[in-house]
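Below, chain A partners chain B and then partners chain C, in two separate complexes.
On to the complex of A and B.
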């Protein structure tokens, strides 16, 4: 690959007491890539993502995101990334457009930029009529799409999505992935964790975590060839069936 | 600063949209401020007294009349024996027993000495103490009356006589409302300021929205300021409502300037909100925040001199109370409302509150972790 790396980790480790949530993760994500982060519950996906977003301090190892060091330049990183957690985290007592305005505002966008972005975003999501609706009153599927759009409202280099389609119906999931592709086409690097193996097929490359370590990492097609199976589901099963950890 | 603008815009929108909360925040303290001072009164009335009159003389009858007419006592019964009188105390029918022994009148006229016995039920300490004190002063009065009536038998002009006449400065009629209403307002602000600011942040933790804030490059002190300012405004509105109620219901018009009052209220709220914000950084749930807040609110409100004089506390307690913003603000409120104190007079307390506030808010900013 001739593109530049936007996320580089070297033996990135997180310990909680004697428990090693992430053990010496070493990988690299390239610009514009859709990078899938797979793993069973408790495998350490979310912990790894939180370290890269600057929400959690690593115990050891190195990592840079958008060229900035996670230990010393967390705030520079935060300016360059978007994040959508598995918990819905827009303000449900603010309207759709107030949420966009608020998050645009605290990322330092100008009021005129926010206005432009808001109308573009609303028409893209076909939410124009709901601009003044409180977020708590819109259907869950719309909320997820809105949350994703808000997480990239400030035009970040990288967006981190932590199980973004949890509890969403298949049609909305499909639409959600259309949004992800659109963002990737515009050059945004997408780092996404998921449980859904069909979603793994949409990724350029996937890493499969088992018990805190990366068990394998490659393009979905190559992984299937390597394990001589026909679906990512089977690849995952081949790697994760020996997992020791059960729940998170 | 632009970030702060967007934060404040968001907070005010959310606050104004939360009608339920606004209603609770204004109506509850309003009711408390109207009702509490009516009950929180030091003057003891309706002390139940049982009389054991063994003398049955005109003097003893007159004395009992005098006690009855004082308005402080309620004669709940006459006992024939001391045992009977004690039984009345045991049944909670009497707080005090006045025993007028046999030959009281005779001893008074013959030897100029009469002995009376007062037994006090000390289970309700304040009532008993004050009741006893009232009774003694009525009896003293009565004593002087007798002397006047019978005329001095052998007046000696040189006999030393000390008469203490006390006058109550700043509150000549010892109107307890003047004293209690400002202090009760402070205790209400203490609870609301520290709890609401704490709950607000912890709510964001519970909903998970704070994580969305934590992945932005927002500065920690900006975030804390964004929480502090809306509640400061809310607190000042509540304070204004309190002043209006004090005037409308109790006719209390502060002698001092409103500038001093509002200036000190701002500094006070700054420190109490700082406590709330600090507690929020240590709590993961509203329940935890509530328990922590209650711990401090109870201590602040009970030890800050609303009901009991700080000066009579042990030294360690006095030192401790110096760190309570509530205590400083109560002193300021009382002296501004009753005495008309100005900024110069209240400088010490203002400085103390500002310092406490600075420490608490800085601590809150430092302890607020965007990165776990």
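On to the complex of A and C.
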């Protein structure tokens, strides 16, 4: 694995009034890595992700994403990242290819690039026949995979996935992860939050957030050895059961 | 710039895909105007007339018969004195009264002119105008044939008097009112709903994470609504010219310019609404209750503002449609130029750019 770091944070903190959502997060994500970001609801995952995406200004600490500073170069960061949230995030009333064209277009891709990408992407997903179908008419599993492909259509360095497989059946989830692996093989760094502990096993490294701090961070295998358990589920439980914060 | 075009294209796709809404958007002004047009033509038939004939000669009788023979009118009663007219109107069954003075035919034969009073119920201004116009035509008809008979021109001067509502507010008020209402509804509701929809869908987050400029998001949201509103404006103007006989008397450029100012104001209000609304329903209710009611009540086309209590009169100054309504009335109906409406135009311009600046500033660049 390449050891070039694409996300570096140093005591990254976000306060909302007296509430500390993220407390001195310090970690590093390498290029091409699949980095799992775990935590119970309300642990501060989404806040951390938003700061890294340039949606939220940190209260203190430092962070760079793709080599750009989150305070001063948010716009440069936005150009280099992709994002997909738990909520399905394509336009229902546009066709598959119109969606691709739109999202490619707002990243400033040229029409010919978009066309090339569109046909490559559709054949990869075996959706060629559905190019002119409205997104609302294609099955949910396909939508999810399409949404992921669209989020990396502009060739970002890093893609942030916020609980991307929420409400998806196990088979589709497995296929979804195949897509993630493919992207990672091409050098895209994947930063993913999830609730599914089987998915945590698929990550190269995971960080587990509890009450706004990173409770532990390592490869899944090493975490299991460290806590002397057989699954990530038990690792998570060992760390999260002492959480004070209620879910939001 | 290219990104902006991509975005605007997407917005238009949204609009054109949603056939139902599209139909409603363009159906709204047409329905309002057609309804109004029908209401207008139906009511005039068989209007009941009261007659006060002080002269009681052959000519007055001829005129009365001529009026009575007209399908639009029906002679309801012969009153003895003009003092009974008010009571007859208050009973509500007559729409118009004719009063022939003493010496009607003597005056007509000797001096060549005579007057007849035409008194109409101004509280129903549409009807009053139409009815008095018809009667004037019938009388003009009669004098024309009489002139031929007599061999020299004679003239009967109808003296038109409106009871209860002397300056006839209402009739031509309708079109400017519909314009204000339709533009306000389309702009405010469409804008707020289309932005809140992206929030609900989760696509707003994607847009905010992208390098796409927030100002561009707003501009592209406004573009289709601006176009739809201008098309609506055009439909209303054409329909009112064709069916209601209300052409644009003044400068169309001035009218369109002021309409754009008003549209911009409404779009900005829609933006402001979308900032606080969490769901599409909330946005829709907000625009209906928050904008439609004040527009209907405080614009002056349903209820005259002059008759309102002071607090409401002061409040009406804040309603943009009130100023737009005045401009449309002056420019479209009276044919006045910028000299007559510069004050209202200025107020509208300040509102438009002020609200636009506020909504731009408040539109959250970062999702909280």
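Convention: the second predicted complex is superposed on the first by the 246 of 248 C-alpha atoms of A that agree within 3 Å, B and C clash if a C-alpha of one lies under 4 Å from a C-alpha of the other, contacts with A are read in each partner's own complex, and residues count from 1 in each chain.
Throughout what follows, a residue touches a chain if its C-beta (ideal position, glycine included) is under 8 Å from a C-beta of that chain, and two chains touch if they have at least 3 such contacts.
Bear in mind the structure is a predicted one, so any value in this text is a computation, not a measurement.
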*With both structures lined up on chain A, is it a clash or a fit for chain B and chain C?*
clash
*Given the touch rule stated above, what does A:215 touch, chain B (first), chain C (second), both, or neither?*
neither
*In the overlay, answer first, second, both or neither for which of chain B and chain C A:75 touches.*
both
*Which partner does A:55 contact after superposing on A: first (chain B), second (chain C), both, neither?*
both
*So, does A:87 touch the first partner chain B, the second partner chain C, both, or neither?*
both
*Touching partner for A:100 - first (chain B), second (chain C), both, neither*: neither
*asked:* Per the definitions at the top, what is the overlap between the chain A residues touching chain B and those touching chain C?
replied: 50, 53-57, 75, 78-79, 81, 83, 85, 87-94, 98, 101-103, 105-108
_Contacting residues of chain A [partner chain B, same complex]_ = 50, 53-57, 74-76, 78-79, 81-83, 85, 87-94, 98, 101-103, 105-108
*Name, in rising order, each residue of chain A that touches chain C in their complex.*
50, 53-57, 75, 78-79, 81, 83-94, 98, 101-103, 105-108, 134, 151, 160
*Which chain C residues qualify as touching chain A in the complex?*
2-3, 6-7, 9-10, 13-14, 17-18, 201-203, 205-212, 366-367
*Please give the residue numbers of chain B that touch chain A in the complex, ascending.*
2-3, 5-7, 9-10, 13-14, 17-18, 207-209, 211-218, 370-372
